């Protein structure tokens, strides 16, 4: 719940930034994998496949950050101590997203992802604009590029889908009973 | 190829609307004068899990499943394989599915039934607002020969609130399905409906239990939700209110049972419904109802046990706790409905008996009765009411609440009756209700509480007895449906056998059962429990004639008629 | 005892039965019996219109000693029984009573939910900070360092349960504390509690002379509440949380609407309900 | 006139000190090498009510009452009449009382026993600080021939803390009583004690159960007080602490049973004790222990039922709930001590079995075992320990907590064991513990939970079998004492009969019982319940040979040897 | 994912099992699972040293989804099981978890008494103001006018249960409220709760998207507590009784000594105890 001062990006070193980048990508991988699992469990195969694919892409990003980080010792940061703008890591699709539903369409999934990627871009952009350290600005710009590519990719995907008609989440059947 | 009964399963994943299709088929069949029966199964997910609506349509009353299914329609194949054990197909059964509906599950394929494709998704796309499940409904209606107007009538009524567009789309979907069916391989068509004089009802066993409760006079209900008992309570909530009665949601089962004890003590016939874990929590206070002679009724809708077990599946394994779960010697009533429709009768009878005998009654229903839906001939009100013996006139001397009458039933005053104040007590007491540990009082009160149950005239309702011959099948509850069917087949194959389905499980009726089994040389006991609870109970309390075999197995799979038929055939 | 007076139609004696209490001489519960019967007489409620429910414990023996409709239930369940009676027969005056073990230990959940549900009834707890009937074990209100119980020979080491604070937190509509030794003052508290709409809770310090002989000293420790009852729960909470436990009087008086579902039929008969099933 | 057993009752109103006198007599007898047994009875008052200490002294081990009493000593007559049903006197019995002790109760007088006066009050006044109960103690000691030094030794030890004056006064009182006895009509004197190699113990059944528990390895106990189970817990509280174990007083029985489930899951053998109403509240969670295979032991000390019933009196009427009170099919252990001393053995064995078989064990003791005191030969530790099968070595693959072994017992990991994390579950589950509603998993786990109980080798402890002949008396629990005695008389009168007292009530041992009853033509079933629960249980699960009769009646009066003897004699 | 770092020895992933949740996508409980695993990783507690206990309900399914020692008990009894574990094995980290129905309705008594007993463990309630698993009935925390339950079609008409106020009144040693949508903030609350000695209670607003879809709006309603946690119960009571229910953060931090009986043997063996029986 920490809201940093906009002037103070909170990120003081390259290692610190790399730790953020890594956390951001790892969170994204885990979130997409969880979403893919959820969709599989709920028999929404198409969307499951999509989330799985997004997780794969994020895994590449993790590798990328790991590569860059070679030779650095990253600091440990508690989950709630990251300098995100919001409580959540920006690139993780929101678990409170409106479209998150067992009958969601690929459109929703991509829209969710797009939103998350854009937040990722914003995070780095903010750093590039605000940080008073050159090495940080440079690295942020570099990392941002990967995210921007991802945004473009997703925009392309999204264009291929119509927004689903109203009532897409209507399930005529009642919930199933449990314990 | 016409048949008197056809079995169909709709399956698909969450959102596909298989339950809706099933319900509509059931209603349509009912309107066309056919009897129909439907159970449901679904994955462990709360929503969006795979689901199956298992249906049976028949020209005569039907409230249980056949051995196998003639038709399986899968709107998609996502995870439908998990139902394979639940939907055995006939060898020439028809498996219908969408080639775009995911991978065909091997378990289903392995059964050797015929397969045919039906492109639900594609067809639905071609209709504005078209719905795969409505196409499936149409296809099945077409296959089994359900009149189009019956189906469309149901569609119209169900979608009345959804507006013109939705209705038209669904109608078109149904028609497309029916049209498609014409080109499908043949499967058994249902024989023409026998003319029904009355319009049928569509009802679940849990609703029927609720109906029986209010018919019997229940006007106070305390509720704590639990699967699969909840729906008895959920049906009662609005309907009790309409009758000027009250339902209170309690904090737990300890509270709900005591609330109904309180309300009943105050003079208002009272009931609660629960399932295994809830019943377990109630046993201490069931004993209080017995000892204080306060009438109450508890509907226990059994599910798979032990512990949390399998909440959504049926089993007859709460017989022991219902009979013996109270500490001390605490005789009480246990009544078991033996069909979906009988949930109404048995509950009403139990309510009547509880009040007549001033004791606790447990109604042992189960998930397969409670959560199944059927079209049934409207059950007439058998007239049983919760009526208590009350003291009359002015109280002359100190009121003896627990006076030791010949019948064992003592006139029971309720608050408001001047001069009849007494204290109800769960401690052993004398006739006034004053605590006593004297041997004479203890045995007098124990005798009285046992006697009132023993000497009551329960009429013919203690059991359903059918047929003759020197083989008897002894069973209870939901297992009665398949047993009855097995016996029909056995008779059709030239055998002779009786059915005795015991409705009044407690108190026991040794003389009546002996009479019912007169001349019997072989007794087959059938039940759905791992521990053979019913068989053990029979041994404990009855002398069964001739040689006895027990056929018992646990849930979650229902016992099929053929399993029982084989037992009979092999024994002959 | 037949003096002419403008008295109500009943005397306390009319509410007593011929059953003789089994309580130990000196037990505070005798006096509570007196207070309840006096309150009922004062309120002039016909004995047959009162239902008095209890659980199990020495204190829970009380109903049999009265001449009203009584229910001596099982341990901890007086409140649900009382709830069932009142909701189904709202015209009755319903009182639940019992001990601190019965009400706050095994019956604690019903206590909370009864406070919350706010059915119009009165709950009287005879608090002796001990399980009397089972021979002297610690109850929830027992001090953590009381070492006389064989079950907890080192003391319970647990902070005592504060019934009034819980009642308030759970939403009780009327909260009072009394001392059994003051029979008339207690009768007044009970009278007010019965009169107050909704769930009213009266904690009565009622000494157990057998297992807590030191409670004979309570008579010197109780004192009337210094300020008038409040209707502000937050204020009441502050007061109750900091009082010494011997503050006697009405401590909180709320104005929440009692729970009483409508009981008005909208159909003529059960047959009218059956229409929904017809296909 | 010397006898091998003498029965005495001390009676009087509250404050008269009859229990103290009784206890001292018991201790003195024990020190003199005699066996002694004592039960108590009292009025409904919490304190100060009339009380009776019912004693039996014997030259051989004794843990139950005789038919009648030889001596009744009433320190006063206030309300002593209420015990008349409990203290039948021998026809030549001696009733001793104070002529100043109030009105002699007719019920007692009606029995025709001899009466003699003894002026307790007056005598006590003559001694500085003299006490009537000590005079009574002395008088009885004198009558039955108890050595003075044994009595005075006990007096000295008991009053050590009360100071010189009290001691001297009591000694003087005892001596006065003894002197007075010399002039009283004769009554049976006890034969000389047989030389005991060891010093005897004075112990109650509830203490013995506590001892068995800690011997078995119990180190965590959760407690909620209830009569007559409390004393098991009260004995354990300080003694567990001494062993480094813990007792927690819980808020109710729902909490206590779940606390022990938690502690046992964590690896610490755990137990609770309760009585009927508490057991009723525990049944839901007993099912959890069964389904999750978490070992626990519950000692249920039975009292009169149903509901609150008669808390201070004994009955064998919780057999049903102990056996069948769990919902679903939930096989578990039920072990019943059949004597006061056996409370130690049976509890220890139950603890051992619960842990060995990873299930719930109920020990069915009763008030007459639990709250009675006896002098007994020190029971050796039979060596049974709570030891669990645990997985060994490093976890190679995903741990299967509920692996379906041949024995049915699966290695059970406890928190702290790296790599063996699992989730215990009361939902039906697969071998890993993951919830499953599949028929195959359900039946595999049901089979396994039943099998582990069935195939275990319980050795000879399942029953106590004595004697031969073609009559067998089948019994259990506290009734075994009087049955044993009846059989001795029956044999003495020339009859031949066997005793089978079943200790392992569940699981059933049909083959073993068949072997034990080999050649039997008549079976007499004896129990203390109104509903013949034991008899029904036997019928349900065993094939009893020949003709069977059931002798059963409820509490509160104990079953007397002669009642059973008459059954045997009349049947012969 | 193998960058060199000064990370703790465990990652959140190490605390997750391979069992896939059955929860509805969008259910707040997924996120709670994330928070718990993150907190454990942060605390670096070996998975085998953690016991996570639950009752019955959607939320109570949680233990199976973790890789710690789990116990999925019966409805309402998570806390007594957790108590048994902690008291008998004090070296373990013990967490109880479940839903509002499980914890405050059927389990209400254990909740109060666990607060009072103050065993060193953490209780996490996923509060969605509904019974999710049984298809949407009102729970104690449901607003009185919520009419969507078939069981109470007119609404319950009962004031909602205020878990934090009850916890405080009963004596909990640490009280916090979080929102599942804020996974990291919640992880922090849980970390602090586990670290705090004694009984710590964390109420997590965790939306049920199926039966209470309107709870998706909670994300816009929660806000951090305006002031720092207090250690004065009376002050905390006032605050909690008047807050809006969406105040997120640590709200009370007490300093009562946790309950943990001595476990020090004073005899060598059971045989030493037998002396008392010898005559």
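A few remarks follow.
Which chain is which? They are A, B, C, D and E, in the order written, and residues in each are numbered from 1.
Everything below uses one rule, namely that contacts are C-beta pairs under 8 Å (C-beta built on N, C-alpha and C of every residue); 3 or more make two chains touch, one makes a residue touch a chain.
These figures come from a predicted structure and were not determined experimentally.
Considering the contact criterion stated above, the chains in touch with subunit A and with subunit D alike are B, E.
On a Cα centroid basis, the chain most remote from subunit E in this structure is D.
Among the other chains, the CA centroid farthest from that of subunit B is the one of A. Centroids of subunit A and subunit E (each the mean of its C-alpha atoms) stand 28 Å apart. Centre-to-centre, using mean CA coordinates, subunit A is 58 Å away from subunit C.
Rounded to whole angstrom units, the spacing between the C-alpha centres of subunit C and subunit E is 32. Centre-to-centre, using mean CA coordinates, subunit D is 42 Å away from subunit E. Across the assembly, subunit D contributes residues 44, 241, 247, 251-252, 277, 284, 287-288, 292, 307-308, 425-427, 435 that each touch 2 or more other chains. Residue positions of subunit C with contacts to 2 or more other chains are 72, 74, 76, 105-106, 108-109, 112-113, 140, 154, 261. For subunit A, residues touching at least two other chains, in rising order: 41-42, 102, 174-175, 177-179.
Under the touch rule stated earlier, the contacting chain pairs are A-B, A-E, B-C, B-D, B-E, C-D, C-E, D-E. The touching residues of subunit C, counted against subunit E in their complex, run 105-109, 112-113, 116-118, 140, 154, 157-159, 161-162, 165-166, 168-171, 233-235, 237-238, 241-242, 256, 259, 261.
Listed in rising order, the residues of subunit B touching subunit D in the complex are 44, 85, 276-277, 279-281, 283-284, 287-288, 290-292, 304-313, 315, 317-318, 320-321, 323-331, 425-428, 435, 437-440, 442-443, 446-447, 450, 529-531, 533, 536-537, 539-541, 553-557. For subunit A in complex with subunit E, the touching residues are 1, 18-19, 22, 26, 29-30, 34-35, 37-42, 59, 62, 65-66, 69-70, 72-76, 78-80, 82, 87-89, 94-98, 100-102, 104, 174-175, 177-179. By the touch rule above, subunit D contacts subunit C in their complex via residues 43-49, 223-227, 230, 233-234, 237-238, 241, 247, 249, 251-253, 277, 307-308. The touching residues of subunit E, counted against subunit A in their complex, run 1-8, 12-13, 20-26, 28, 30-31, 38, 42, 56-58, 75, 133-136, 180-185, 187-188, 191, 207, 209-211, 216, 218-219, 224, 248-249.
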